[in-house]
Amino acid sequence: MALLQRRLADFAAARGWEPYHTPKNLAAALSVEASELVEIFQWLTPEQSARVMEAPESAHRVTDEVADVLAYLLQFCEVLGIDVLDALAAKIERNELRFPVPGTSTPNRHSSE
Amino acid sequence: MALLQRRLADFAAARGWEPYHTPKNLAAALSVEASELVEIFQWLTPEQSARVMEAPESAHRVTDEVADVLAYLLQFCEVLGIDVLDALAAKIERNELRFPVPGTSTPNRHSSE
Amino acid sequence: MALLQRRLADFAAARGWEPYHTPKNLAAALSVEASELVEIFQWLTPEQSARVMEAPESAHRVTDEVADVLAYLLQFCEVLGIDVLDALAAKIERNELRFPVPGTSTPNRHSSE
Amino acid sequence: MALLQRRLADFAAARGWEPYHTPKNLAAALSVEASELVEIFQWLTPEQSARVMEAPESAHRVTDEVADVLAYLLQFCEVLGIDVLDALAAKIERNELRFPVPGTSTPNRHSSE
């Protein structure tokens, strides 16, 4: 992923796109791509949405939008110096405390035992 | 990243959240998180947006939203069996053909020389 | 609606918010509010989504987000001088030609008879 | 506006689109259209964004997206029985209390005087 992030940065630099790549603009572009993914699903039932990879045309479209979302996410993180994998690991740890598995001993319960 | 993707899948399974995690719902959740990132920047000038990591509070908020976007992106790809790094690598290659670097020999120019 | 549009413009002017209300920022704010509406529905089944006005709390939340979307839409149109009702009337007319009612004589069919 | 809302409802009914028009789907469609508006502005400077109605092509595109946003907003409100103008009037009143004009006597100040 670090390699892809580098290729994206080089790609933008080679084309002189860096002045456009403010964090504000990249966040907007990310949300636009995420909405293009939503658009594919907007009139589908939950069941139809689960079969979207079966037709080559919609499979290609979904894969393409997913790539665009990751591309802008990595470029956003690049310009702000954020390590997105670190950010996600930290978030998962916070969520494991915030949403304990029902019916199991949780860190919170341990501390009160 | 594969490891984080696995932890996210286990996290959802342990909490019985899988029935909610249709591709349609995950795409919507992804776009909602992307918009929460946009919200941080919506009234900022381009210059202010470039300094968003300087204040600890906004830095934390940005990092948190970035993690949420990646979390839903990975969960979306997990339920549909998409390799998001492969998807991005393929997209970068297509874009290198589609947006040739100005001033260099491009495949198109070669063919017309 | 023209009256509400005026009140919104006066509201922003009285608070010195006009410099922030560029078309770009207002479009972003509109999309953020639309996503807050999506967020209410993101984990609901289609059936649950149809009953969202039955619980006072979710009814209030939906009504509030709908108001925010319209507020930013009107402010966006105000700063750009767009008459949104005219725009919608013109769009409906285009759509009536573009999506003819199945089983009726349509302008297209007339022209080929 | 009530008339346009009626035409939109009749339009959808005549085409058998009502089963697709769940509140969940209409909220998603609304957010997709709002993002299409954002897309027009995503790489523009604030200054460029203020001149978007000067070129006929971008003026048409903006007007078209604005119409789509209002169309889905009205259809969303129709299926849930929400009066969007009432909702906005109520919201403006709440906001006038919440964001008092700087330098004026406000309801809060009155109560503490």
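The letters A, B, C and D name the chains in turn, as written, and every chain counts its residues from 1.
Please note the rule applied: a residue touches a chain if its C-beta (ideal position, glycine included) is under 8 Å from a C-beta of that chain, and two chains touch if they have at least 3 such contacts.
It should be emphasised that the depicted structure is a prediction, and the values quoted were computed from it without experimental measurement.
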Interface copy of A-B among B-D, C-D or B-C, judged by whether over half of the contact pairs recur: C-D
Mean-CA-position distance for chain D and chain A (Å): 27
Per-residue multi-chain contacts in chain A, two or more chains: 25, 28, 31, 34-35, 38, 41, 46
Overall pattern in which the protein chains touch one another (line/ring/star/complete/other): complete
Parts of chain B lying in touch with chain C, wherever the complex brings them together: 20, 25, 28-29, 31-32, 34-36, 38-39, 41-43
Residues of chain B that touch chain A when the two form their complex: 1, 4, 7-8, 11, 14-16, 22-25, 27-28, 30-31, 33-35, 37-38, 40-41, 44, 46, 49-50, 52-53, 62-64, 66-71, 73-74, 76-77, 79-82, 84-85, 87-92, 95-96, 99, 101-102
Partner chain A, residues of chain C touching it in the complex: 28, 31, 35, 38, 45-46
